[in-house]
Amino acid sequence: MYEKRERLVKASRDVTMYSKKVIFQVHRLNSKNKESVLEQAERDLANVKMDHVTRVAKELQGSEFWKFRRAYTPGMQEYVEAAAFLEFCKNGRLLTLDDLNESFAELKDASSNDFQLNLLDYLLGVGDLTGELMRLAISSVTDGEVDSAKSICNFVRSLYMSLSLISQEVDDSWEMKQKMEVMLQSLMKIENTCYTVHVRGSEYFPGAVLENIEGQRMEDN
Amino acid sequence: MSVDRQFEEFRLQLEESGAVRERLRAIVSELDSATRLMQAQLLLIHHSRPSPEILSKIKAHTEGLRSIYGQLAEVLKSVPAQYYRYHDHWRNQTYTVVFLLAFIHWLETGGLLSHGDAAALLGLKDGEFGLDLEDYLVGLCNLSNELPRYVVNQVTTGDYDCAKRASVFLSDLYAAFRMLNLRNDLLRKRFDGMKYDLKKVEEVLYDVKIRGLLSDTTPTSAAES
Amino acid sequence: MYEKRERLVKASRDVTMYSKKVIFQVHRLNSKNKESVLEQAERDLANVKMDHVTRVAKELQGSEFWKFRRAYTPGMQEYVEAAAFLEFCKNGRLLTLDDLNESFAELKDASSNDFQLNLLDYLLGVGDLTGELMRLAISSVTDGEVDSAKSICNFVRSLYMSLSLISQEVDDSWEMKQKMEVMLQSLMKIENTCYTVHVRGSEYFPGAVLENIEGQRMEDN
Amino acid sequence: MSVDRQFEEFRLQLEESGAVRERLRAIVSELDSATRLMQAQLLLIHHSRPSPEILSKIKAHTEGLRSIYGQLAEVLKSVPAQYYRYHDHWRNQTYTVVFLLAFIHWLETGGLLSHGDAAALLGLKDGEFGLDLEDYLVGLCNLSNELPRYVVNQVTTGDYDCAKRASVFLSDLYAAFRMLNLRNDLLRKRFDGMKYDLKKVEEVLYDVKIRGLLSDTTPTSAAES
Amino acid sequence: MSVDRQFEEFRLQLEESGAVRERLRAIVSELDSATRLMQAQLLLIHHSRPSPEILSKIKAHTEGLRSIYGQLAEVLKSVPAQYYRYHDHWRNQTYTVVFLLAFIHWLETGGLLSHGDAAALLGLKDGEFGLDLEDYLVGLCNLSNELPRYVVNQVTTGDYDCAKRASVFLSDLYAAFRMLNLRNDLLRKRFDGMKYDLKKVEEVLYDVKIRGLLSDTTPTSAAES
Amino acid sequence: MSVDRQFEEFRLQLEESGAVRERLRAIVSELDSATRLMQAQLLLIHHSRPSPEILSKIKAHTEGLRSIYGQLAEVLKSVPAQYYRYHDHWRNQTYTVVFLLAFIHWLETGGLLSHGDAAALLGLKDGEFGLDLEDYLVGLCNLSNELPRYVVNQVTTGDYDCAKRASVFLSDLYAAFRMLNLRNDLLRKRFDGMKYDLKKVEEVLYDVKIRGLLSDTTPTSAAES
Amino acid sequence: MSVDRQFEEFRLQLEESGAVRERLRAIVSELDSATRLMQAQLLLIHHSRPSPEILSKIKAHTEGLRSIYGQLAEVLKSVPAQYYRYHDHWRNQTYTVVFLLAFIHWLETGGLLSHGDAAALLGLKDGEFGLDLEDYLVGLCNLSNELPRYVVNQVTTGDYDCAKRASVFLSDLYAAFRMLNLRNDLLRKRFDGMKYDLKKVEEVLYDVKIRGLLSDTTPTSAAES
Amino acid sequence: MSVDRQFEEFRLQLEESGAVRERLRAIVSELDSATRLMQAQLLLIHHSRPSPEILSKIKAHTEGLRSIYGQLAEVLKSVPAQYYRYHDHWRNQTYTVVFLLAFIHWLETGGLLSHGDAAALLGLKDGEFGLDLEDYLVGLCNLSNELPRYVVNQVTTGDYDCAKRASVFLSDLYAAFRMLNLRNDLLRKRFDGMKYDLKKVEEVLYDVKIRGLLSDTTPTSAAES
């Protein structure tokens, strides 16, 4: 029993480590390298799934799925965070739990288990996503992509609202509550970023469409 | 009275008050749901200019709140003079309720919802089941905490004068609190945080002022008017 | 409102301070000075009641009794502890809540309030009593009064059992739980003291009545 | 599936599991009362030699425990394979239950209540709603914690050989635990405390031995017999 | 001297120092009220130009402070050479007092209230009950913490040059502190925070400068004059 | 005075007090070595009868201690009335010094080294650099803690009367301490432990008495004589 | 070897390493003074254009630093292979040293001081007493933290192009750091803050660009050249 | 070298040291298992006289330990002079290893396993991968902690002289430690605990002595022989 837990902890640690690398990789994205970076990140994430999530899936049967959750949840949360971050950067939408579980269907052969991500790990992983989106928003403003910050802001707002309506009901509501607070902090940082961009823009071009100026600025560089 | 009989009597008394708690818990859990829903709706206010529709939608819950507080009062009536024995049960939720009512009131009128008006909205009467003063004050601290975020978002949507309104309101509120001789407790700690809210709102006002974005007809301090 | 709380906190602090002095005074008791020490302690405790408990009683009307409980509970708990400690040393019995409230009846004139000690403060004060009894048990063994340790042990055991049956139902069950744990520690210290006395006695006089030896020992001093 | 529909579905799922929790909470609160009563009765054992009457009085509760665990199992049947999702609800109480049963068993037989026998006493079957191994082991740690006090009190009432019995039992138990490769968690921490219990019991044994109070026919280690 | 008589003497000594603490606590609580009042009045300065009237109103309290410190000195006189034994009692309040006096002084003169002048205002004499140097310096750190907010608010009301004045004052003060070799204690920590105040004031100065809002006759560094 | 010149002066003052601390640290580190050496020599006392030779060997260090305290006093003379500002530097070591002196004194005379005599041995004079009362009392608590071990070891080497001497001394000391109304947390806590020391010593006395190992001429309580 | 002789040897070894620490502390305290002085001189750079004179004045200290690091290396040579045993002693100061050298280098050349060049300036050689890579990287983070303030102040004094230079430098540095997979907590945390520095510098650049204050001959990214 | 190429090199270096840590972790986990097994076998020693068979069984593991330390040394060889950079990885386990070896040595010889012999048993050579002195000393503290329990149990099984042997050994060890000038760290704290072990062992010796259970031919202090 302890060996199984041991193996899950190790697999989870690897899932975390390599998922973090995918996230770091996606952060290197800018307007020039977008496609190549995303393709590479997609390949890397697929490898995390095949090489390491499979190791998790292989161990879990019946009630073990919940029994050992503490052992593998950190890895799965980080995987969700990475996958959802990548999906947002590619398609600007929220990766759903069904999307993820469909993508795990192919693990069945390798793990000989019908592995399904549970709702809690999904929600907790999605909760962490906001932190990465906050970093992305700030660096996209730095890179001159003001619109991107605005759309991140709207995305996070709606995500926060959806989660706030169910967060109280989540199993470990204390853990979720913590995440909600961090999420709100991140959201406020994104809003502050949008605020700064707006106020600075308004000074020079009251009412103007900011993109033009920003576009011009991009050419300068 | 013998020791044993004494403890037997204690057991009965404690079970009785345990039953009171059980009933309070059930009612407060309803209060919890109601305020959570109101808070979620209030989030929309941050995303755009606060429309009268949104505000009335939130205000529509006041009726429900009044009924819930009525139930609490009913339970408390069975244990006279013990309001403060059970107070902790509904305290946290009441902070949020006061915050919500005072925020809506400020959005609609630009003024401060008074202690009496807050109690009246909830159908609470002094002497019986009233609105505890400290609960009301903590609720105002929650409002103060919310204003910086609100101002940032409103300025982003182009309502620059909002910064002035919030700054005047908040500095009056802060000065009023300052005169209270607060104990070294939660309320004191919450009030200590208020100066950061004020500072942040003042910085936003500074940002719009220095860029010439402020309209001319700005309100003066309510305290002076 | 703040002034009232301020006054209660101060009164409570004084009640605590002077009650602690009474407890300290009772600890000075030994077989020679028993009567004089107890008489003095009784007078002192009566003064605490008249001078300081009255100040608490004077402030409290209606719902204030519970509203300001946090402000005055430390003092009242300490008073209960002192009064119960004194009563045990005098009569070897548990002071009841009714005893206490009867003794408070005379405050009515001075405070013009019908002050009643509440059940929680009584239970919490009685919870603390065990700590003092533990000190008493150890020093009575030191003073050669072995029987006294045994009767303290039995008293504390029955008190602990009575409290353990209702402790879960007490309003601030967390605070009461803490006290129960401390109480059990104290009880075990008393039991250890009785154990030591017994084991040491058994070595030399298996089955003998220890008091005789101890009596002899007292004469030596 | 759209994001909104997804979250709506989540809400339904979560409410369902919230209802399961509510039912579990009610049952566990019964479990709580039962074990508290048993523990209070067990206190008497410290005050004198453990009479068969006291032991049977405590054992009489086993029936009630079995029925309560049966109710828990019933609820869990409605959410197959999710035993460990809700495990935290009855965990603490189960530690105490195992402790109580194993203590009584030791008092009666001087031996260790096995995992299987503990489960059987509670009417639990592996595969369905079983007795989690770690819960059982933590329960044994609780037993270890109780033994020093018990031995001290028994020796005080004149049962000197009790020290030998407890020392043999506890050192066998400790050696057995030692071979487990425990994670860095609660069980590990509890086991780490066991060596202090053993040390204390050994000191009591030393006290009676050195004073020649031990009878001659002391048991040998159960592991060797 | 017998042990008993000796300990009787100890008892008296311990009670004496307990009484000293009691008297100090009472006086310091007065100090607390006085500074709270002054701070509340100072709030007004943030939202309008600091008028001489407001300043003299606040300065009027100095008399009261002097009397309170006189009482403290009186108590300390009864226990000669034990200033630092009881120092913790009035330390926190003294930080605030120094802050208030130095802030008013800066508002009136643009310069730094010297250690000696601060002590003189409070009627404190070195050798007896003096103004501890580190208390004075912590008070200056409090002043530094207040300046960013003050500058932001003054610029908002249109006094753009205030940014220049504060920046010059604060960077001189910071440079002066920089040369001190501070121990690793509270003062060091407070000083470490000073650079954020300076940074913030410099950013405001930048804002007004780049927008051409600064008048030409700006002060030069006091250190250079 | 200009800001720079003022801070230059502050720098000097802070460096001065830094230098004071540096010098105190150096002296206290000597004090540390001296007491460590004394304690190591005192270890020998536990495993054989305390011969006058060993005692005089340890006492020979008193001279050195006096010189070290003289140096501390010298340093403190340069900063008059600041004893309690720097008190923490030598506090811990002083506990040990008092313990050592009082232990030797007891070994030689069976009596308590008085506060005045302890100060005199160290060449300390009240008014100037004295021996703080609470430091002296904590030192006595340390002595109390050492006595059980000493008595156990002496009885092992055959000095049975030692138990009587220690018991009389310790119970008088305990009774004297009981008369104090202690505020100080550390001291109170240390005093609370004293009763366990007394209990242990009495147990040893009981052991030797019951075996008839006590000689007839046992000392009477010093307090009664 | 007897226990005593063995421990005598241990005493020598421990005193040796204690002495090493003592010597390191003394040298590091010199390092502390040197960097404090350099930082104080660097303050002047913020409020006027960085003249070659000031820079050479600061650079003149490099010699001194080299000598101090030489002393550290000398001490470490006496205890071969124990660099990381004592590393904590000079770590914090080395962050500051790297920051100072890299800042000056950037002021003079607009480029990044390489790890090798930093080590060379301090006379450090790999294999012996080298410049730890993570220390160097933390020093660069410190430089990043300083640039926003520097740029704000330079633009205030009229050097508008400074914003462009800093922005190019910082965004190259940020991009380079992004390629590292950081483990170290401190370094990772420090790097996380870098993007805020970059954001602030870009905002200043935007301010000056939009006002047409930028000269035409702006530098291109060093990474591309 | 360009910034990018430089940082590419940094990346490689950081990954290298990450890989070293990974390898160390794996080896240390083996060390963990080996010491756990040895400790379990050592338990048997407490409840019977330590037979040569048990001791050789435990000693048989030394070979395995030597091989594991060989692997650690191998890894460290690839990063010369960085022993103390990675020291924390195997520190805790090494305490236990030293404890085990020194305990067995004492059981067999009654003497102290020297630092050199401990290192030799583990195949460690100074200069390369050696046995850190402080690790060795902490291991001895662990031995000291184990002795009271061992002595209590041996006396219980009838080996009364064991108390004398342990008392002599431990008081010599304590006296030897006493002469070391320990820093204020873990070792100091662990040593401070040693006096309680000594006290307990002395109390056992007292118990057997006063009951006349000690044989006549007791060893004298090793320090005196």
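Each chain carries a letter (A, B, C, D, E, F, G and H) given by its place in the written order, and its residues are counted from 1.
Please note the rule applied: a contact is a pair of C-beta atoms (placed from the backbone, for glycine too) under 8 Å apart; a residue touches a chain by one contact, two chains touch by 3 or more.
Listed by chain with UniProt protein names: A, C = Translin-associated protein X.
Given the structure is predicted, the values throughout are model-derived calculations rather than measurements.
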Overlap of the chain B and chain E neighbour lists contains none
Which listed pair, G-H, E-F or D-H, shares over half of the residue-numbered contact pairs seen at B-E? D-H
Based on mean C-alpha positions, I'd like to know which chain lies farthest from chain A (Translin-associated protein X). F
How many degrees of rotation carry the C-alpha atoms of chain D onto those of chain H, rounded to the nearest 5? 90
Chain F and chain G have mean C-alpha positions lying a whole-number Å distance apart equal to 50
When the centre of a chain is set as the mean of its C-alpha atoms, what distance in Å lies between chain A (Translin-associated protein X) and chain B? 34
Separation of the C-alpha centres, chain B versus chain F, in whole Å, is 59
As a quick test, compute the distance in whole Å between the mean CA positions of chain B and chain C (Translin-associated protein X). 43
For chain H, which residues are shared contacts with two or more other chains? 179, 181
In chain A (Translin-associated protein X), the residues touching two or more other chains are 165, 200
Check the chains against each other and report every pair that touches. A-B, A-D, A-G, B-C, B-E, C-D, C-F, D-H, E-F, E-G, F-H, G-H
So in the complex, the part of chain F that touches chain H is made up of which residues? 33, 36, 39-40, 43, 46-47, 149, 152-153, 155-156, 204, 207-208, 211
Touching residues of chain A (Translin-associated protein X) toward chain G in the complex: what are they? 21, 24, 27-28, 135, 138-139, 141-142, 196, 200, 204, 213, 217, 220
Give every residue of chain E touching chain F within the complex, in rising order. 1-4, 6-8, 10-11, 13-15, 18, 80-85, 87, 111-112, 114-116, 133, 137, 172-173, 176-177, 179-183, 222-223
Touching chain B in the complex, chain A (Translin-associated protein X) uses residues 154, 157, 160-161, 164-165, 168, 188, 191-192, 194-195, 198-200, 202-203, 206
In the complex of these two chains, what residues of chain B are touching chain E? 171, 174-175, 178-179, 181, 199, 202-203, 205-206, 209-211, 221
